[in-house]
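In the two complexes below, subunit A is the common chain; its partner is subunit B in one and subunit C in the other.
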Partner chain A sequence: MSVQDAAAPTKAASTIGTPVRRVEDKRLLQGQGTFSDDVWMKRMGYVHFVRSPHAHARIGDIDVARAEAMEGVYATLTGAEVEAMTEPFMQIAPEPGSRMEDYALAVGKVRFVGEPVVAVLAETRALARDAAEAVEVEYELLEAVVDSLATLSPTAPVLHETIGKNIGYQDTYAWGDIDWALEHADHVVSIDKLHFHRFSSTPLECNAAVVNWDRGTDVIEVRSNNQMPQFAAMFISPAIGMPTSKLHFVSQDIGGAFGLKITSYPTIAACMLLSRKAGRPVKWTEYRSEAVTASAHGNERTFTDIKVPVMADGTILGFDVKAYDDAGAFMRYEPLGGVIWSQVAPGCYRLKHLRVEYTQVLTNKCPCGPNRGYSRLQHLWMIERIVDIVAHELGFDPVELRKKNYPQADEYPYETPNGCFYDSGDLPRMLDLGLELADYDGWRTRQAELKESGGGKRIGIGIGSTLDSGTNNFGQARLVNEHLPFSGNGEAAHVKLDLYGEIAVNLGSSPQGQGHETTAAQTVGEILGVAPTDIHVKAGYDTASHAYVGFSGTYASQFAVTGLGAAIGAAEKLRDEIRLVAATALGATPDEIELADGVAGVRGDEERAIPFIGIANLVYTNVAALPPEVADAVSLNCRYVYRPPFEIPDIETKTGELTLTYAAQIHVAVVEIDEETGHTEILKYVAIDECGRRINPQIVEGQVHGAAAHGIGAALHESFVYDEESGQLLSGNFYDYHAATAVDVPLLLTGEIECPSPRSPNGAKGMGEGGGAPLSTLCAAFQDALGAGGAVVTDTHNPSERVWRLLRERSDAPRPVEVVSR
Partner chain B sequence: MNDPETTHLVEVQINGERYERAVQARELLVHFIRDTLALKGTHIGCDTGNCGACTVLVDGQPMKSCMMLAVQADGLSLETVESLSPAGEELSDLQKAFNDQHAVQCGWCTPGMLMQAKALLERDPDPDVETIRRTLKGNICRCTGYVNIVRAVQQAAGQDVSAGIQQEARA
Partner chain C sequence: MLARPLKYARPASVAEATALLRSHPGARPLAGGQSIVNVLKLRAAEVDALIDISRLEELRTIAATPDGGLELGAGVRYVELASAPLVRERLPIVADVADGLVDVQVRNRGTLGGNICLNDPTSNFPPLLVALGATIRIAGAGAERRSVPAGDFFVGPYRCALEPGELVHSVVLAPLGGDEGVGYQTLQLARDSWALARAAVWLRRDGDAIADARVVLGCLGPRPARQGAIEAALLGGGGGEASVSAAVAAPLEGIDAVGDSHASPEYRVEMARVYAKRAIHQALAQTEAPA
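Then we have the complex of A and B:
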């Protein structure tokens, strides 16, 4: 049942689709939010981690005696203790990647710079840091490898001896018949190599937790900013031998996460062990340099041997590619990324013949976490580069080539070659809107004028088309490991009428700034006939009081579908209970009852009505006044689990519905390049978004802005660069990393179309990750500025220096692109 | 831990209230504000002075409180985000503008942004967009892309937010 149907009998004005001001804001604007570091407990100690200064080394003797002797030091924890007390975390990978041994602290070896080796707990932050300095660790240095391709060499140092090679996962994904297509195409465009660089959305709040083992109940309370607590619990429980029922996760406010706070579970587990050992609450607040060096990075991916069959009319038939995804030193959420890209296998295009030989490599670098746009943005960028390079090499107009190859509006739901359904959309219309907003024709004229007049400046205009697939079918995990008992998805919500008739909601999600309290209040209010301001959506998340399922959390662009789907179901259950009680009290039938402004009344008879407080009274404190069959049928505490209608994908053919909804982004950028310095100025940036029915357009626009800023920052400034020899991270703090500032992000222009999803309970599509559109868009703009026949843009990261080099590439330099026409 | 050679007595005025405390010589002002006084509104987002989440006003000037020692605040007057609308009071015009323009997502940078913006509007009540962007350069936000924060400062300055920044298109 849709929101509209449910709301039909109510009178309250709908707020769905309107920019209701966020209810979360007041506390955040007054400095009254409660984040993990805002929790202080009696007898609490502060933890500081001794971290590896080396990229690859064998751990020798560890001496904690001097640290433990310091006054105010409560306890230390070493890898050897962790190995004795715990099992390695479970691995998602099949053999041989499953043999990886990942512990809460380094055991035996260190495999990346910053890896935690020893934990020290002390009375103050500063003392813990001092004591950590006093810990002596002997290392026997080993050769490190940080290059994604060199790590595959038979002579490369092996990170994990239990695996025996630096490959965590490998498989070939093929649909259609790419060999046939390459044989029969009019042109075959080959691209040697494309490189998607390593960066991260670096949430401004670092990882943090206050962890307290209660000796009396043996419950461990974790007040953390982990964004997927059930996933964390499922990993931690078997490792430390505690039932999930005794792992009590709580979060209120979280200072951004972007997927990177999913894989904080090893460090949280270390804090649990330390709390148990010391018998004290443990506060962990990561420093920025630790977060940048050693928490989680976004995946780097290198594409080689790309072959693209193209017909004379511009129809692109598909592609053949080898993809090397670099997970860093441990797998953690991986190799789920090894299949997640295939949610958008053909990108925004009607490509029929696809083959991806996918290899996940291991290197002596920080492990990865599912960073905003996870695994799809790398793949989508590769496809956008393909389309753009094909246009330049074969002389097609980049706008017309895209439009020709997009699915057309009447083709939705569009089935991809691997059995996914793009639920709704209209990419050609989005592109037209983007070009209009950007004044595309005007800039083309200006570009030509500038070319004529010279003056040391060039203009480039780029287009990026990407998808944000939302609401995962976790059955796709079986495509990377057939033994994983995962499938489907779900989210839970609980809506109740409280003692005096107040409406209270709690959610299974753990938001990090996405405004769930507001959109849930809009959604529940719509169904129960009250204003969003009269609904109390409990802030944050708590396993002790909130409804949840195994996949609960805030990640992967799904709340608008799963979270609100659960809120709709729970509110409808409560509405039906209220109607039943009201009908009993008023001598009517439930379908005669309508809810409006906190009152349940008989339609058309203003005299016969009962306020919600009266309903609550009858159920909670006056229950003998109700007929037993009614009293037994209601609780006014309504839990609902939303379950998307998924089936288990086919493992053999690697096909099936992998995600429920597909939001789309079309970005258009105009850049001006200084030919002397390579400095790039973004003159115009337009982001067109389509995410189905928008529950709160202001929140949607905020997500569009944020996702665009991450992509722009990554494309021009942000990069994790490792020294090839030493394996040291060269951009290990915010000075060197240069997170995008207010002057780096242009004033974005946004526009949207709405194509309601036929698949979701409210017409909405999950959104927020944004598909990494700016990376594609800015590369296309650079390519446009370079012109046909010139240098080819093959890297996502194009700071001034790289642009300068591209401008100066010699015309006789070997080109990374080749065209064979027949 | 209370070694007299490393401990100093400081007296600071914060949000109109006088505090006298013994602090460690090496204690950062931001840790003093957060851990000692439990004024949790001031945040920490980096350890290199880049992000500005810890921005407070020191004698009216915006300062990154992670770049000052607590002892350096001795005798000074500080304002933190908690001063903008004391308990029970409505949001200030600047805070309301942040709410209206959806300039808050996760809320981590927000206290620093507000204090920086407050200082800007006090010295330049009608800043142009470029001035706003340059002023906020030392305050990193990872959620909003800054667009709505710039709009919020414009609204607080009584400017037409749509002018020169953003047109929305509907197809």
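Then we have the complex of A and C:
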């Protein structure tokens, strides 16, 4: 090749911070994505699960003879077989929760409606379903318990005999001195009970997998949409007795996951066993009603005996609370939620004295998965209710009270009482921006006018402040179970120069629509001086070819930090190798070499340059032309593991840096309530977001919209309701579980500020979970509409009837709130 | 298939369809399929054959009746009702209700006949047709059509006054006079979801006074429920705020409200009264102002 051909080394303009079009969208919008259900394997059978119609029952005889006799049915698998072939999945909980026995199929008992009992494999999907109907299962009904507090009663039916009570985990978290604060505060506000309801996410794609246990190699290929394959591998491997090296996970496109697809591992394990038994690949594609009823729900949490010390000037000192988190029938990812809330222990406020007596209860309901905002959104909502109720009861302005108690801009990094560092931020400025965008003053005037004129409508204005903590320190797992050998976090990436000088990237993450191919291309392109469109980021994830660490996956708001951190490191390694080879070829030193537009050239000398194809040639196919010490030093295949600078938290004091970055959301909503019906219209909705440096603002905006819609849906329509007697799920499909659609979600006005993170490699913060801000915001708006002396909003879910009841609460009704002032 | 195996036939005429229905007791008509297919997929009903009537032109006409009213074929789809100029002109409420039904997918396929034959307590058309005093024309064995007043057609949840082997042929609606008005009000869980409470009202004003009224509540019981006591209380009154509020406080009739995960019986009943009041005011606003 001719060196003279090289274009002038003008550095490609940086695309960081610009709305580069998502590379993924072309294939996704044109129906060219590959999802698990698109995967086909030779001799593949389809599995259908016989599921429990009961909330709690002992399993008697199971008769699969009729099903197996049907033409085209390949095999069946029962819980008894699973019990004989496998160990129970490991548990994260310490004693006695660790004694829970969780298998790939129900063993001995069923504990929630929809629990898989028998798997049936057949030639077609329809036949599998027909055959499943022919399986006969005898049940001996047991009393069910679905209430989070009633399950603690000594007379409640016990779900897991090996544990002996319906508690999976229990501990007290205390920092500062809450007893002192309660004694010395000017006011103590007590709240009897706050309830965070059970809802979930609704990924467009339900769980799915094609699983093949290869008889020749004993490699088990799993083409699934599990979003955290290493976690799945670490749970499945000891249970089925196969090495993790033989568990081959692959995914390309995933149609949303929201944390729920972390806990699909029991069913994937069932597919593995069925595949081995039948000697065939197994395809599993969940029906929507199965996904809604029995895949994974978000955690319900009940807070009781809340005590809040407040000073006369409005300074809130902290809180004392008992929290009852309801995990459903099995623990799975739990009890990590038992500590994860403490990443945001004081919420958005300078609270110093905190005590949380945390109990994770078990009930005959669908097990939970770490649903978007996991464990922090419950806690953050409680704190927002506290602040709002304090303002309401003590007569503080809700805006001023928040601003007074927020950390101020000059206090960052702000250390929380439990040793976390809020890395950067400016909540007061975000709130000001939100109020301005919402025309807060205008609506206050309108609200007063309406009050004057009556007319059956009233307006409420609410503020919600939440955090999205990202990049976990897995060392926090030790705070729930000191024996867990987990700490730190990380992600891997691999960047290479291919044979003709092309740049190829693979990631350890398993994206579900978050645009990793795009932001990784932007990031790598910036370092190597190449336009993002000229970089091939491999779609999806594959254990066989992608770099990974144990924490790999896409969950918990971390890709912008961990995933891109790894991409940066790997790209820099490759850059240095390219410079070394170019310097050798051009007779310069590596630090004289600059990369731009796919060419490595000597700075200031247009004549001396070599395109990347030339570099690739020298290393791959012309290696004798390189001095041996250079040839031995480069591979053009660069793997890098990004490791955030964490230490192991202190188990005794339950303190430490639990997460690296803190994105923030301030939402403002104006609602109009029909007094006769309780029906709510959202007149204005503003979402202000701060997530550090925005790599691609359009992708950030998409996440802000999604998280807001999700929260608005949950606040108004989406709720899993179980029948107290039978334990049946009353909202088990989309008729009754009304996931918010585009027509339900108001126009969202968005705004942002940027406070780059000093902790992350690129100034970005993980984001996307959104902290559940709409739940707090809409509750505050209802509270505002109810006015001074009105009823108290104590539930996250406020459909028309609940609002109607709040409006009608009699003034002499016992109030759930009490204020004692000195 | 998600459904159990079943037979399927696509007859070429209404006569052939009714003959097939008569000879196959386990057969059911298939119209837009927006309800029956879901039921079959859930394997919640025993149906061994579907008689597809969705393409029968005889059932798909929208015709003007000589008296100025409308005859709407059972197979007319919501999307067609919503956009037909004749419907918009003569009975805009019918077009509005069709236009507000669920979502575009259901509106593209669902039919008027299917809607009323399903007669789910939350169905949109049954209360409206009772309020409008519609007549249901039914095709049976012969070429003759028998007629049933809407008020007698809806028997119970998922049941209507069809004999085995019969089909709904069309719905006949009388014209609306200038002194008549129609109100239709619904409380929904969310924008495109089920109704929690619904009221449909037709009334006629004679000078200052309400001369005739039909007040019908949906969602509250086995069938659309005419409210005799509310109607009686309205008659002779002028339709002022206070008198309407007093009228809707009258004892309710024919209701058996049940609760579900969205609303308690108590709330549904209260909302029925609120929406009855609103529908009455909506209807009154359409009548010609008294001289």
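FYI, the second predicted complex is superposed on the first by the 812 of 822 C-alpha atoms of A that agree within 3 Å, B and C clash if a C-alpha of one lies under 4 Å from a C-alpha of the other, contacts with A are read in each partner's own complex, and residues count from 1 in each chain.
One rule holds in what follows: contacts are C-beta pairs under 8 Å (C-beta built on N, C-alpha and C of every residue); 3 or more make two chains touch, one makes a residue touch a chain.
Everything numeric here is computed off the predicted structure, so don't read it as measured data.
> Check whether A:126 is in contact with subunit B, with subunit C, with both or with neither, and answer first, second, both or neither.
After superposition on chain A, A:126 lies in contact with both partners, subunit B and subunit C.
> For A:798, is the partner it touches subunit B (first), subunit C (second), both, or none of the two (neither)?
Neither partner.
> I'd like to know which partner A:741 touches here: subunit B for first, subunit C for second, both or neither.
both
> With the two complexes superposed on chain A, say which partner A:200 touches: subunit B (first), subunit C (second), both, or neither.
In the superposed model, A:200 contacts neither subunit B nor subunit C.
> After lining up the shared chain so the two structures overlap, which partner does A:708 touch, if you call subunit B first and subunit C second: first, second, both or neither?
first
> If you count the residues of subunit A that each partner touches, which comes out higher, subunit B or subunit C?
Result: the larger residue contact count on subunit A belongs to B.
> Between subunit B and subunit C, whom does A:28 touch in the aligned arrangement: first, second, both, or neither?
first
> Should A:731 be classified as contacting the first partner (subunit B), the second (subunit C), both, or neither?
Touch partner of A:731: subunit C, not subunit B.
> Hey, what residues of subunit A end up touching subunit B and subunit C alike?
Touching subunit B in the first complex and subunit C in the second, residues 126, 735, 740-741, 743 of subunit A appear in both lists.
> Using the touch definition from the top, list the residues of subunit B that touch subunit A in their complex.
Result: residues 1, 24, 26-27, 31, 34-35, 38-48, 50-51, 53, 80-82, 84-85, 91, 95, 98-100, 102, 104-111, 114, 129, 132-134, 136-150, 165-171 of subunit B touch subunit A.
> Which residues of subunit A touch subunit C in their complex?
The touching residues are 126, 129-130, 133, 676-677, 679, 716-717, 719, 721, 730-731, 735-736, 738, 740-741, 743-744, 799-801, 804.
> In the complex, go through subunit A and note every residue touching subunit B.
Residues 19, 21-22, 24-35, 37-38, 40, 71-72, 123-127, 201-206, 253-256, 258, 285, 287-289, 429-430, 433, 436-437, 512-515, 698-699, 701-702, 705-706, 708-710, 733-735, 739-743, 745, 747-753 of subunit A touch subunit B in their complex.
> Within the complex, which stretch of subunit C touches subunit A?
Those residues of subunit C that touch subunit A are 1-2, 4, 43, 103, 187, 189-194, 196, 260-264, 267, 270-271, 274.
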